[in-house]
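Below are structures written as structure tokens.
Consider the two complexes below, in which chain A is the common component and chain B and chain C are the respective partners.
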Partner chain A sequence: MLDPDSGLSLTIARIVQRLKGSSLHSQLERQARVSLHKPEIKLESLKEDIKDFLRTSGWEKKLQNAVYSELNVFPSPCHPAAPPEHMKEPLAYMRKAQGNWEKRILKSLNSMCTELGIPLAQKRPVNEQKELLNKWNEMGTDEPDLSLFRPVYAPKDFLEVLMNLRNPNYENGEQLSFRNHLGLIQVPLKVKDIPELKEDFSELGLNIGQLGIDDSAQVPPEFFENEHVRVGQKVLAEQDSAAAQQYVRQGCPTALRADLWALILNISNQPEDILYYEQLKSNVIQHDLLVDSLIYKDVKLTASNDDYYFVFEDYLYQVLLCFSRDTSVLEHFTYSSATPPKSYIRGKLGMEEYAVFYPPNVAPLCFLYHEPSRLYQIFREMYVRFFFRLHSISSHASGIVSLCLLFETLLQTHLPQLFYHLREIGAQPLRISFKWLVRAFSGYLATDQLLLLWDRILGYNSLEILAVLAAAVFAFRAVNLMEVTSLAAAEAVLADLSTLKVMPLLQIFLFATVT
Partner chain B sequence: MAGKVMWVTDIEKSVLINNFEKRGWIQVAENEDWNFYWMSVQTIRNVFSVETGYRLSDDQIVNHFPNHYELTRKDLMVKNIKRYRKELEKEGSPLAEKDENGKYIYLEPCGKAQGKGIFLINKLSQIKKWSRDSKTSSFVSQSSKEAYVISLYINNPLLIGGKKFDLRLYVLVSTYRPLRCYMYKLGFCRFCTVKYTPSTSELDNMFVHLTNVAIQKHGDDYNHIHGGKWTVSNLRLYLESTRGKEVTNKLFDEIHWIIVQSLKAVAPVMNNDKHCFECYGYDIIIDDKLKPWLIEVNASPSLTSSTANDRILKYNLINDTLNIAVPNGEIPDCKWNKSPPKEVLGNYEVLYDEEMAQSDGPDRDLRSRSGQSTGVKGNRARDSGKPVLTTWK
Partner chain C sequence: MPVPVRERCRCRCGADAAVPQVQEIVFRNFYTAFLSVRVQRPGPGGPRRWVTCLRDHRLMPCPHTEEGSQDYFSLHRHQMLCDMDQVTAVRFILRQPSPVWLHFTIEELQIFPPGQKSPQKDFPSWLSQLSPPEQPASLHGELPDPEKVSTEVQQMWVLTEVIRARQAAARIGRFDVDGCYDINLLSYT
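Let's look at the complex of A and B:
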């Protein structure tokens, strides 16, 4: 295999290449040039002096954060001779499945266009542009006729596709025994078991303070909360991404969360970022995409009827309409196997489209950021780092396939009686929990609990915690579930998660259950 | 009869009736022997009026104080506040009066709840014109010249998601002297359906500026599924995340302070009849500097439910109220000390207990956690958080 040294130099080379030409690079150059005027920079020791200057002025820290960010986001290189699509997704059958799925979505979109006589994209007439600009902040009050638009796909459809995934090279024998996996996902991906999870999530252990448990009303704040807040403020003062990521594993204090997440995602509020957002906004004004109506319909159906998120309906439109035109999101496709389907756009807008996504992932962020451009950046970064994996087929440990398999395996291994019972009554557990996973629990948990959960997603740089929580929820309601006799009844038991406290559930499941 | 509570009500709402029935109480008519009467405000006037009134016996409890209008009518509240401030000034604690110019003002006929009879005026000159006109028009009632109160219109309300909202908090008063009041933890924010714009051409659009649910229901944008409400804990989460913990705590402290001050102001003139308790609905608006402003106090907060969640909330509200006002659900004795044990409070928290505050000294501070602050110090001198209310003649 690859020896560590050449692996490291490959990684370094790749990161250097990515950071070259980024705005951080030009800022560093500018700073270095400016520093030449300073008296402490001497010609003899130019290189060292500039390096010192960058360190003391905090620029080295920014560079560190950027490198850390790149490391988090990119997969480690497998082999210098591997072709790029192997980098994205090493398993051929997964690549094929994702390709087929995308084709199917595109076909569905195209046929909707033909049916409704609407082009996939068109330029907006000038008076419509003016109108949209005027009501940019209150698109929620519009009531266009969307009855003809169907959602392109529902979570159920996606689940069907995942259920039918098979590895053509895998032969698992004729007999079905209890050793076999009894769940819906039938691909042999490696998933972690509880001992491994305990190690990975060691900061969630019983003897370590957590926000979401040790900040409740009965616990005096001196035990944990006050100190934790103090550490958080220090981390923010140091502006250290890596430290922040470690810190949030124990939860973010509400007042610090917005800044901590921005630090971990390496989002700064540069003028060029605001400009970029404004440019996207003008793209929205000028061009009308079919996808817009689908977004609009989806938001109307979901967020505007939600007890917590209805307030932010207008923000959701703004963010999502811009997002669907953001070509820089395509960058993430270099590490996802999904290639964006090309569409035939009238007037050659030069934009590309890709799969329709689920709005509720934006809404919880509205609780933290109220400036549209900052909200947009955070959402985009979260999507591009984490949430896109929930909507595409891959073998990644945080991909939806692995999460489903992890969930089913945990349940089958540790609650076999419950699993078997549910399966017998036609209520495969994944059928119920799939919608939670695909939305990262957004819209199912209370907002403060959801934010505590997403703290840990950021802290551990992985979505595996979603599968663990799903299993923990089933474990929690196991007694009631054992008594149901139909899928509908099982759904009813698990319909309302709004009163659940996620951290105690996770802790009990991982650390306090006798296995 | 083995001591089952007999109840009467003028207000036929299921959230009330279900609560009575679940306690095994028995419904009777007004002219029969009753123990508990949930009255409308007209009835309480009759019960305590000179001509038609009658004495209540020791085992009878009603849900209003006889002269609650000292608090719930804005012109009287103004009068009481002014008097209260003068008293405090004598004691040396200054409460600044705020006086602003050039703001929108709106007239509200006193004593008319649910947003009826509210309209918006841009300038003082418009007010004068209106009053002149109304003398000649027939819609003004001839019998009494209704006292109108000009309330200062808050031009810079805090907006969330670009929307205006107000806060509805429920406060239960079991006695005014000594003052004992409870705040319901599950208050809520009511959002305006249409986007807020301060431009004058929008002034005519009543829906933009008013948030009373009763008016909202008739706007075209009214959303039937959730009625535009947020819990107070949601508000707290949002404010802590976007503004920080200290200013949020300060905001909630100020809200509690305003409420306690309003009650203290009317306590001396309130008829502290021992047969009475009352659950008020406080309407508060927050401006974008996170300062709360008291809009009004309702003696009969709406018990209509616009959504399922709403119904549950109001049901629980009545349930907890009855647990405090009628201990153990048994036939009441109005001579009891009105000091319920902690376990029955339910979703109520002690807001202010004058007896306890005085016995423990002025620096008693109840710790607050997630949720709302409880308890306000007895003698705190701060700036008033109220809009200027002047009586218009």
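Let's look at the complex of A and C:
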């Protein structure tokens, strides 16, 4: 471990390095230069006067937001002796497992390419480009023949890989003993228990107002809702990222959500961002990727058939096709355990984006954002901060392995009878809840409930709340589950989550369950 | 019932040398929970004796779980309980109370004397604080002063270094090779 002083210096140096090339830096320089014309800037106290000017004009706040964003996204710096792969993932056996999983996906993609005779990427002929540009806003009407494409992998394939993860230095005996976990995940990662979760999620406590509970029809809005909305408007006026992140822990009012999320994710809608999106769009027009067909198929199978999300089908294509071509997403690989696959252009090495990501979580965002470029930025930022951890193998506290283990441990500790019963009938709870976790509940909860849940993901900068909710759902349906006698019956009990209210479930599980 | 604690003793790193000093010890952990360090150095009386300079330093917050198990650590002079001068031998005592691990050790051990920097801390050059003073050009038909010229050239060099140091993080975007972007297979390595 680094001692605190050198750790702080390294963090500062790294953030300065990252912000130096950014547009915020050039804007700040421009502002400072412009301010020289102002009468209140005096030569004797130039530095101090410019600093004051930047503070009063709101530019210091923008810089603070950018620094806060960097601190949230990037992990604390490693020891200088640590190689870069250590920052991606400190445990060697996890890196190896992730590498093997990636190889498997690549093999599958390559074999699909050779079988179907379609190249991974190629330039589109000009008439095809024109056609695509014309129907850019209605790609959903297209009905290409996708019958030959099969999904690269399903959640249960990924679950199989996670179940077989073993630490070679751990005594994985065959007999059940205190060393083995009773659930599916067998790696000894540290997960929090309920007292620790209570402390971490203290703003969800019983005596604190929540949107999702205290804004229901029976509660007069003067008690909580009106004041909460007023505070939200104030936070937006101040444009303070850190305050916004604290605020959304109690939920976002619907009218303010789009702007608050953009503030927390530090998304500004600058002209260059719109330009960047247009550039990606032109990349989509010019180049055809195999992955596009996989995306089409996935969207057609999932969102188009969904009662809530089918209206956004066209948006989904616009965002996902651009996302698969966005090289700035490559940056997140420094702190992700995954590595982007490479391929060769005419014998020369080229970087291919990590084009296979599963599943897309764009659909709920379409309710909030209507301009494609803003929608795109929000989705991209949420992906590189949170959702990428749901389908790569790592030891991070918000990684899918830790979430699965947290879910199983919570259930085992607080509902031992239920856990034992489900295990006995061959219905390991994780087999049912895995698909919820890997999709962050998107497609399973009602949209307003899902957005309340994602408010808390942003507010706490962690995905652990997903595992807590999964355990809370099992606790809620425990009585029915104790009566089932097979995995299929257990799945049927938990098939429909669309009527669930997320916040009461979380509150009861964390704060009102007798342990 | 107390769980038996497995201990391992690592003795004698480095040959005896005249008046060696220890500034920093860097290593990579492999499932060791606690580390104690003892050094052999001359005592107040004269003869060399073993002194504990670090007692039960915690490397893994919870010995049963993975946290800290494969991390890199630094031990600095100022964390030690005794003086790290005139050290002739260093002994590392590793403890792992949890029975779930098959092996535990420390790896990639390096000991640095004072003056030698431990593996490069990558601080960027703060050259941006050097702003060259303005030099008005005064060539009234004469040859410029060589001193002035050389100072100006030096300042220009500093500026180019600053620009080179400011690597923009912005990416240019996708690239074609000879107008072609046909990719047929992904590689496994």
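We adopt the following convention: the second predicted complex is superposed on the first by the 494 of 515 C-alpha atoms of A that agree within 3 Å, B and C clash if a C-alpha of one lies under 4 Å from a C-alpha of the other, contacts with A are read in each partner's own complex, and residues count from 1 in each chain.
Everything below uses one rule, namely that contacts are C-beta pairs under 8 Å (C-beta built on N, C-alpha and C of every residue); 3 or more make two chains touch, one makes a residue touch a chain.
What you see is a predicted model, and the numbers here were worked out from it, not measured in a lab.
When the two structures are aligned on the shared chain, A:217 is found in touch with chain B, with no touch to chain C. Between chain B and chain C, it is C that contacts the larger number of residues in chain A.
In the superposition on chain A, A:137 makes contact with chain B only, not with chain C. In the superposition on chain A, A:209 makes contact with neither chain B nor chain C. Of the two partner chains, neither chain B nor chain C is touched by A:504.
In the superposed model, A:254 lies in contact with chain B only, and not with chain C. Shared-chain residue A:315: touches chain B; no touch with chain C. In the superposed pair of complexes, A:447 makes contact with chain B only, with no contact to chain C.
In the superposition on chain A, A:113 makes contact with chain C only, while chain B stays out of contact range.
Shared interface residues of chain A, touching chain B in one complex and chain C in the other, do not exist. The touching residues of chain A, counted against chain B in their complex, run 137-138, 141, 215-217, 253-255, 257-258, 304-308, 310-315, 366-370, 447-448, 451.
Residue ranges on chain C touching chain A, taken from their complex, read 26, 28, 30-31, 61-62, 64-74, 76, 79, 99-103, 108, 110, 118-124, 166-171, 173-188.
Across the interface of their complex, chain C is touched by residues 1-3, 6, 9-10, 13, 16-18, 20-22, 78-82, 86, 90-92, 103, 106-107, 109-110, 113-114, 119-123, 167-171, 179, 187-190, 279, 283, 287, 325, 327-328, 330-331, 341-346, 348, 350, 352, 395 of chain A.
Those residues of chain B whose C-beta lies close enough to touch chain A in the complex are 160-163, 191, 193-195, 221, 223, 225-226, 228-230, 233-234, 237-238, 240-242, 244-245, 309, 369-371.
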